[in-house]
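Letters A, B, C and D mark the chains as written, and numbering starts fresh at 1 in each.
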Amino acid sequence: MKKFFSSKPFILTIGTLAIASLLPFGVSDYILGVLTTAFYFAVFSMSWDLLFGYAGEVNFGPTFLIGLGAYGAGMADSLLNLPVPVCILIGALAAVIGGVALAIPALRLTGPYLGLITLVAVLLLQQVIVIFAGVTGGEIGLSMPDVLSVNSAPNYEYALAFMTVSGAILFAISRSNFGLILQAAGQDPIAARALGFNITKHKIAAFAISALFSGLSGALLVFYLGTASVNAVVDIAIGVRVIIAAVLGGRRTIIGGAIGAIFLIVAGEILRPLGQLSTLVVAIMALIVIMVSPDGLLGMLRARRTT
Amino acid sequence: MNNGAPCLEVTGLTKRFGGLVAVKGIDMNLHRGEILGLIGPNGSGKSTVMKLIMGIERPNEGSIRLNDLELAGKPTHQIARAGIGIVFQHSRPLHRQTVLENILLGLLPDRLTSLIPDQTAIDQARSIGERCGLGDVLNRLPASLPFADLRRMEMAKAIARDPQVVLVDEPFAGLTSSEVKTFAALIETFRDEGRAVLLVDHNVKSVAAMVDRVLAMYLGEKIAEGSAADVIADPTVRRVYLGGGLEVFYGKAQALENIDLIVHEREFVSIVGLNGAGKTTLFNAISGLIPARGSITWQGDVRGKQTPAAIARAGIVQCPETRELFGDMSVRENLDLGGQHQSKADSAERLEWLLNLFPILKSRAGQAARTLSGGEQQMLAIARALMMRPKLLILDEPTLGLAPVILGQLSDALTILRDTTDITVLLGEQNVTFALPHADRVYVLEHGRIIWQGPPDRFADEAGAAYL
Amino acid sequence: MNLKGFIAARSIRAGLLASAATMLVGFAGWAVSPAQAADPIKIGITTELATIPGKAIANGAELAADQINAAGGIDGRQIQLVIEDDHLSSTDAVSSFQRMVKEDHVVAVVGTFVSEVGLALEPWSARLHEPYLITGAAANQLSQFVHKDYARNKYIFHAYLPAAFLAQAVCDASHDILVNQFHMKTAVILSEDAAWTQPLDAGYQGCLPKAGLTVEKEIRFSPDTTDFTPIYQQLASLNPNVIIAGWAHVGVQPTVQWNTQHVPIALAGINAQAGSSQFWQATNGGTEGVITGNVAAPGVAITPKTLPFSDAYQKKFGYSPAYSAYTTYDAMYMLKDAIERAKSTNALPLVAALEKTDMVGTQGRLEFLGQSSQFTHALRYGPGYVTGVAIQWQSGQQKTIWPLNLANAKAEFPSFVKLPKMAAN
Amino acid sequence: MLVLQILIDGFAISTLYALGALGFTLIFGVSGVLNLAHGGLLVVSAMIAYYVGTRLGLGAYIGAGAGILAGIVTAMATYLLIVRPIQRSRVIPARERELFVLTGTLLWGVMLQEMLSYIFTDTPITVKPLLPGIVDFLGVTTPANEFITAAISWVVLGCLWLLVNRTKMGKQLLAASINPRGLTLLGFELSRIYLLVWIIYGVLAGIAGILLGSFLGTSSEFIPALTGSAFSIVVLGGLGSVSGTLFAAYVIGYIETLTAYLVSPSLRNVPALVLLILVLYIRPQGLLGRR
């Protein structure tokens, strides 16, 4: 443990975060705005990585969990006018319930079959939102009376703090006994059972934890944006971005998810002068990275260090 | 030794998969401080018994009692907690974690709330690792370990929770002879610690030296039980084993060491060796299916980089032990595919000739390959390979799992082949009685090395002891 | 300031040399470029460039800016546009809205035809005190949002008609054409199930009977419907005279299928995609005989400004303007006018001046509704103000059939449409 | 009357679904690849057919030819630029290749979508129908194009059946899907066979894309939904099973049509999604899947 706190990557991470927390004193509001969104996406990707990278569950529908969190919080705010922290908790709760519901098929299905269930879950959620447009705002989206803050700097610091805390917790979980068992269950479920582990329990817990952070992040994101809409938090394209970010950053690392998400969003912003083509270029870059270095950006860093 | 009540008591254990009865009313006792060998050929149900005990499969009938605690039908993790550990033959280690952490995994509590392993568990993992001979590599990643050390690690994981009963699946597969000795010693220490050990393997020979008792299975039933010598002498067991029928395994970590092998034109060469000796690996290297170091010279030229398909077209055709038939296609279609590289007329002529060589295939021409019996499938596999008009035919374990009567037919066919064509044959067999009569020369392969070569008539005197 | 070094170190470590270079340049650009002394007046355009109406927003703004600049700018200051693509995503839109406000210090933001995006941007306009003119989206909620909390949300202007007014325009046109000229009596409302069509349908339900059309049924379908056969079969059994549409997300498919299946019922209402000049090709001519409401039509001089605009547009871009090009072009001139009257580019005076807008644009006389209307800051609808037009596709061309004083063609329907027997006059 | 309408309409839409999903299942069956850029192939073909047939005004048939060609080119590009490099990569561990093929094709699908929306915008278009006009069939008026679509689809299905069951090449394909190793041992280069399957896939996707484009319209925005629906149908029918795919396409097509006619058009997709979840729970191998 001690060794971990004095290790080079740890110090580097702390240093990076420290510099990041000082950014509001030096950079424009716009950069802060871009990074704020990126930080929430980072939590999406890290949560996804816990499920996929550790528990080995192919979740093609991270936005099912994100969307539940976002709409849970958004509807609590716009329909019930509850205080913001309560709304966020309601969103997180909705996501956790959804996560457990998703865990049940995951215990029976693997690979493409589970992938499809998770995808269908997203499509159903989308349908439900459109069908119950009266309370959900339908395809137009839900406009929320409250936001976290109007100013960029506090929004940025909230997001940074949230990402740091979530990342630390998810990272700790991945390195804990629980994470070890989860990984064993993901690699070889029969062997994990034969070592005396009730992997059903562990997998449900993994889904719940992943859902909790996805949901919290989704809820915070809508309170940052001031609106919850299908194309911002539910659309499959958003889920694809989350997955690509996690794979791009480096699977089974947790932190890789954050690096990938920040890279994707920041690169997208930098390439903005290309207009419509920016998404294309980002996709090409992501494809090249995963083909050259399957362990993603973090894998590249590591390879550089060891050679 | 067998004093006191047995610690694991299995009675009337039965498992059906659909219509197939894989395990039929097996009774078995296992005492503390005892090693029991559970042997049986491919498909005999021995692995299913092991899975039933571990709870990986759910038994249809029967009871499994560990110290009077009924385990049948319980989930695997509860059975493990009750005191049964298992060493799988193939298992995926955690490759981002060190050996020590992998062993530690076996010591963790099954609770969500436990986050950090306590120091005593770490110390315990270390000492288990050291006892299993992993002392020097505890801080390395599994990917960097040799195969034998990975097996040690699996052993360490299995005994981490101090189980009363340890199940070991094919303990020596893929190991070199020196490693076999140290592993046997390690397993014997389990017995000395008072555990009950169940070794699951194909044949008696590999486990005879260390087991206290042997239980032999065939087609889901117990056919013999007693000391190793008794079981070897048992007429039923001999009958089952002379029919060949030993299991196949594929993709196992296995190495060949400096094999020098020459096959002359029109020669019939047999390579004999027990299962796992490296025959299949050798053949796959010749066929270009797996990469290998060293050189292969074919018809005077050193072979460069070629795809396996190009090698096959050049005349080296393998008929693998897994047969690799196209199960959903008819016999005729299987054969036609083998003849597609030739003109229609050549192909038809060849087909005619083959159907005379294997008349049974003629009557089965329209049937799907997977509906054929084992013997017919083997003939089809050989015939399909022959459709290619090979210059060198590699036959890998053609007798695998076949009834004696089929062996006769196969043997006759090979004789005709030798007498009427220019073909060169490289035969891999563990069934010596089949391999010797046809051979011009014989190689003996053991643990990846050639340990003897010579004409078949000297085999019995010089190398046969290990086989008969 | 450490940022440059920090980012550079990370990117190069990441081994992506090529992208690192881009990043470095990009970040350097971000980090150093200070708020420049705003000599030109910057106006932000948020839009969806890969769509026809979205591209039209950018085009309309560009054309207006070119003309204003050529004529000497606004009080001598040139207009500089900042055009951002939001890729139809409200997240991207919010982030680019912030960028335009905080980084480029734009005086006002104009754009979007997607209600969802507009609604996401509105709170930000209010929070950042940034004037925002919506020029294509139609949801009632857009201007109701201003009405709900005027003090906070007064920065938002809905420079287009809310759905309720669009419904009224459809009813008025239906009365003049379908009822008076063709003696139609029954209608079915057929709308995509989307939030903007809820007020639209409510509007239809209210005004169609007054216009002389009995509403036999209201059918709403999922916006991702691709096969409309069941709906048309069901309609055929009801046998109404006309289908009154509420379509924006869909358009090509129901139109083409209406034509290929020879649905014997006239098709009118709002079929937003049919307002585009490219619709003929997109439907392979299936749009023949389709009537839709639009803000303007080719060759029709709603005001003296209409034709010069559409001609200049055609000349500059090579195709005719979609509805959002008219609204955006007008919005740009409203901004120019307001800035000149306010003699300031600051938000509050600008908002006050915009509220007093009264000018003639390409769509008609432009005036924003006041605080008392539930559609605060939406364009005033009605004769003498903005009414829009009803166009009909005839032989590959958009002909104007309503308002009657502007019409350049008489309505006619394809042979497969069964018309009510003409009552003997 | 209503029954007949439902039968006809359901048949047309189901046939299109079947054709659209067929290439997807074929490529999975023979080479084990789940191509998540599948929708991209369909839309590229339809867009090119529209561009050549309508915009360049060369007519429906030349347009269709160009569309099929575009389908082949796109399929080859998918295989040669994305799938094969991943399968042959030395840096990607063997057991993760499947995931990387999924991610790679997913990204490729995004790239195709972006390129199409850049060139052709997102606005939906329809491909010129091969046969205009309507047919009165037992009192139900149906566009002639609907019959042509169904007829072409079944002709294509029949050709595919003949190809697989009656030609040497087809035998190789079948054998590759059953046992690729066995085929290698018989001296057939798998790489050539895979190339061939991708070409066939391109043709199938091309035809399906054009017919879909003329019947239901197309747009770069439809790509994810088309991939999703092919994926659902194929999983519902049993991965890699051609007959299962056909069966599932008709199940989904008719359920959707029935819902649209008898319940409400806006709920059209819901029952099929629920059915999919139920089937996956009860019978994960799909309706006709083996395993």
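By definition in this document, a residue touches a chain if its C-beta (ideal position, glycine included) is under 8 Å from a C-beta of that chain, and two chains touch if they have at least 3 such contacts.
Nothing here was measured: the structure is a model prediction, and the numbers come from that model.
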| item | value |
| --- | --- |
| Most distant chain from chain A by Cα centroid | B |
| Centre distance in Å when chain B and chain C are each reduced to the mean of their C-alpha atoms | 72 |
| Rounded Å distance between chain A and chain D, as computed from the means of their C-alpha atoms | 32 |
| Chain centre separation (chain C, chain D; CA means) in Å | 36 |
| Where chain B and chain D are represented by their mean Cα positions, the distance between them in whole Å | 42 |
| For chain D, residues that touch 2 or more chains besides their own | 117-118, 266-267, 269 |
| Multi-partner residues of chain C (at least 2 other chains) | 50, 88, 193, 222 |
| Contacts with two or more other chains, residues of chain B listed in rising order | none |
| All chain pairs that touch each other | A-B, A-C, A-D, B-D, C-D |
| Touching residues (chain side chain D, partner chain B) in the complex | 168, 171-172, 174-175, 178-179, 181-191 |
| Interfacial residue positions of chain A with respect to chain B in the complex | 1, 172-173, 176-178, 180-181, 183-184, 187-188, 190-191, 193-199, 201-202, 205, 252 |
| Complex contacts: residues of chain A adjacent to chain C | 16, 19, 23, 26-31, 33-34, 37, 127, 130-131, 133, 137-141, 143-144, 147, 150, 152, 225-227, 229-232, 263, 266-267, 269-272, 275-276, 279, 285, 289, 293, 297, 300-301, 304 |
| Residue ranges of chain C touching chain A (in the complex, touch as defined) | 1-3, 6, 10, 13-16, 19, 22-23, 26-27, 30-31, 49-50, 84-85, 87-91, 94-96, 98-99, 102-103, 115-116, 119-120, 122-124, 127-128, 139, 141, 145, 193-196, 198, 222-223, 249 |
| Chain C - residues contacting chain D, complex | 48, 50-52, 55, 88, 193, 219-222, 224-231, 233-234, 250-253, 256-257, 260-262, 273, 276, 278, 281-284, 286 |
